[in-house]
């Protein structure tokens, strides 16, 4: 188990570097010039060139890439082209907000999805099943940029019970977490239901059932544990998707997170900030999916390395 | 008729209705979906315009019908291409194992770890915003999910008794993959694909939010939803109808996948509870 | 866990009496030597003061300088106010002015405002209250650019100051930044014109327009300026606690054309486009009367405005005839009647594009609308990679700006003549206007410029956007300025509920 975890973490490093390389290439391929954005239109061509030189943007791409990698290795993410502030600080300031939002959304999704999924699987084909799935689907059917304002109008304007936007106490978290989490609860409900049902067909569950173990007992003791594997995988994947998906929710709710910073980085062509953001998102994603793999291995002995290999 | 086939029938009928409405839009739409009437902007539903008129006075019913063409095609094309690419990569990785598995999964990880939205923005910035590029961007982001799922399932199935038995009997890898593994992949992939199509329809909307979806004056449900969003407070009919269309499509797709899964399930005794 | 996270990096609670203003993007820079975007300039202008201040007619009036003389054509002598002080109470002297100007002129500090002060040869302190500015060349626009915010000499030696470190002589001082990129100001106790009644002003960044409106409705934001969907204004105005204030503004919206395209180099085609666009209807229906159809770059409130210019009322017949004359009539190839139109992804901009598309379609032109993410769009416009595009000029003060946008030598990257417009008469007029200091002569020359621009259509004027403010009724004493300046917050107050 520890070996698997170590192996995955070791393998994760090149993934993160590769993602960083991809973003490096991407931002330099995309049209748009940070100097234009920074200097506005009134600057003289000579001043533009001087700034480009000072920022190192006139160096060959490979040299810039080398400098970027060196900085990465020494933990120096550079400085924002716009504000001149260190990228590490800018990103670090935003990480807790995104983490809070993502975890909040995850909690919302799990709280909705697990009971609904199991409920649906316990009575497959009945109206309970269909109602549970349909309910979960409504969240997925509503894009967050539409759902968010609807929730705000309902809870902040009409009912006056929650704040409209911004980050503050727990009250500020409720609406954005629901907006983000509802979208995810659908896939999670669906996955829980599907994999619980699938396990229901397995021999050991049938055996248990034949031995006279009750429906709920079977679900809880046998099916759920095995059904969790794909669910955990999806959770791990979804966590990454959530991190990236926060962009829209953060924009709607004026939530000062990494997603918002990424968009600002794109708009200003603030390369160092953009790279820093992607790095953090990539690292968060890799961490989550590694965690999912490890948990999966713990749940299913067959996927452990070292288990007898059939060749 | 089993309950599953009845469910498939109902969902398929709904989906078919949506598809037919979209296909027939040029003939059944009461108006040209791009015809503007600035004197009647944001007009509520009326006899002449059953679903009302949008911010430029265009007939919403006609736009919902025409918008379905774009949204459904985006969904279908995205899922088809993602499924082919992701399924192939995942199956190979899961079955081959070893370094190939590691390599392919690292590629998947890199793309998965990469915020899809940024990829989409970059792509549309380079290639320009259009429906084709939306599909390209969504596929570029979407195939990795299928790859991981397929790989996981194949990996799991590979060590199953029947695969081991086939291998012990000397069956070639390709045959094992096609005969024993792929059929069992259909159900989970179908579940994923129905969601994927629904998700792609919603994702097209999200790209519209960033102004990167269908370009004016083309209507798509997502673009309509986004364009109408600013008027939520004063003219909710702008978003209700495209929103309803998306919801219906998503529900139909999911119930269809759900029912199909039960119907196609080769393994017996799914109805253990009975 | 969630609680622990919540307590870190969240915005501090709003202290009572704080005015909350919502902006669509962050005022990322407050150092007046480096501000380029509108929101940064607005907030920076609350924290700092310049020698002069541009009034609503776009003329320079006194600010830190109570008076000035021009003893020679190339020399200005400014007399500072005796009570000039920074927000921390230290006196503001000629030394600070000199240090600030010199730092902008220093190429090593790379201020984007260096080009605007290119005419300045040197700035010296004659005595603590007298600043002497010597110019290389006559420039009539110098006084308008002398509104550059002054920093303490000790701070002016460095490059861009972090927002928290900016100290100026403005009515407010920076207390801190917010995690969302916003900034919080407090009344400067040592303010020269008395301490403002508003103890604190918080600028929140709320990127989404609908949410800005909802925040206003919920009462947690008190002021939004020029950042609301026109169609939401009636809804907001109906709320008893909110007030809508619309006043003429100076932002000039125009349709840009590329003269490198031979079709658009034909004046008849440009005029056809101008006749085809129903600006009255667009202003009324789309913008809900929050703009006025424009005759040119300078708004009627501007001292150099000339209104007796060619106008292009909506006239489809005439537009069609002009097109036919220029060979783009119905018999022309489809490709010749097709234009691409670039716009940013802002919803209202896209909506305007759709109306253009429709209206140009009526005269037989087909328009491909392409919306691009802002930086890409802007890069394309600067590169001259477009046929048609729409954009706005914001904060036009001195008419010398005409030189930068219409003179044939001013193609990017030199200037802002993006469409590569070239007209010898226009060039001569602009050079003459730039060389004279006589106000009446300038007015006469710029009137010529405006008439020529209206005839020749280097750009098609669309409208001047109004200054649209929605504010809480609790906020009193705030007077919106045509250019969006927020300085009157210094004399405003927020009544108790």
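First chain written, first letter: the chains are A, B and C, and each begins at residue 1.
Keep in mind that, in the parts below, a contact is a pair of C-beta atoms (placed from the backbone, for glycine too) under 8 Å apart; a residue touches a chain by one contact, two chains touch by 3 or more.
Everything numeric in this text was worked out from a predicted model, so none of it was measured.
Student: Computing the C-alpha centre of each chain, which chain sits at the greatest distance from chain A?
Tutor: C
Student: With contacts counted as defined, which of the two, B-C or A-B, has more C-beta pairs across the interface?
Tutor: A-B
Student: If you average the C-alpha positions per chain, which one ends up nearest the average over all of them?
Tutor: Given all protein C-alpha atoms shown, the central chain works out to be A.
Student: In whole angstrom, what separates the CA-based centres of chain A and chain C?
Tutor: Result: the chain centres lie 38 Å from each other.
Student: Just how far, in Å, is the C-alpha centre of chain C from the one of chain B?
Tutor: For chain B versus chain C, the centre distance works out to 44 Å.
Student: If you average the CA atoms of chain A and of chain B, how many Å lie between those two points?
Tutor: Spacing between the chain centres: roughly 20 Å.
Student: On chain C, where are the residues touching two or more other chains?
Tutor: Only 210, 214, 373, 376 qualify.
Student: Spell out, as numbers or ranges, the residues of chain A touching 2 or more other chains.
Tutor: Within chain A, residues 30-32, 149, 153, 266 contact more than one other chain.
Student: Two or more other chains in contact with one residue: find those residues in chain B.
Tutor: 121, 125, 226, 229, 232-233
Student: Residue numbers of chain A touching chain B in their complex, please.
Tutor: 11-12, 14-16, 18-19, 22-23, 26-27, 29-32, 124-125, 130, 133-134, 137-138, 140-146, 149-150, 153, 183, 186-187, 190-191, 194, 197-198, 200-201, 205-206, 209, 215, 229-230, 233, 237, 240-241, 243-245, 247-248, 259, 262, 266, 274, 278, 281-283, 285-286, 289, 300, 302-303, 307, 310
Student: In their shared complex, at which residues does chain B touch chain A?
Tutor: Where chain B meets chain A, its residues are 3-4, 7, 102, 106, 109-110, 112-119, 121-122, 125-126, 145, 148-149, 152, 155-156, 158-159, 164, 167, 187-188, 191, 195, 198-199, 202, 205-206, 209, 222, 225-226, 229, 232-233, 239, 243, 246-247, 250-251, 254-255, 258, 261-262, 265, 267-273.
Student: Looking at the complex, which residues from chain A come into contact with chain C?
Tutor: Per the touch definition, chain A meets chain C at residues 30-33, 36-45, 47-48, 50-51, 54, 82-85, 93-94, 96-97, 99-100, 103-104, 107, 149, 152-153, 156-157, 160, 163-170, 172-173, 251-256, 260, 264, 266-269.
Student: Enumerate the contact residues on chain B facing chain C in the complex.
Tutor: 34, 36, 38-39, 41-42, 55-56, 121, 124-125, 128-129, 210-212, 215-217, 226-227, 229-235
Student: Provide the residue numbers of chain C that touch chain A in the complex, in ascending order.
Tutor: Against chain A, the touching part of chain C is residues 1-3, 5-6, 8-11, 13, 25-26, 28-29, 36-37, 107, 110, 112-116, 118, 159-160, 162-163, 178-181, 204-208, 210-211, 214-215, 217-218, 220, 373-376, 378-380, 382, 404, 412-414, 416.
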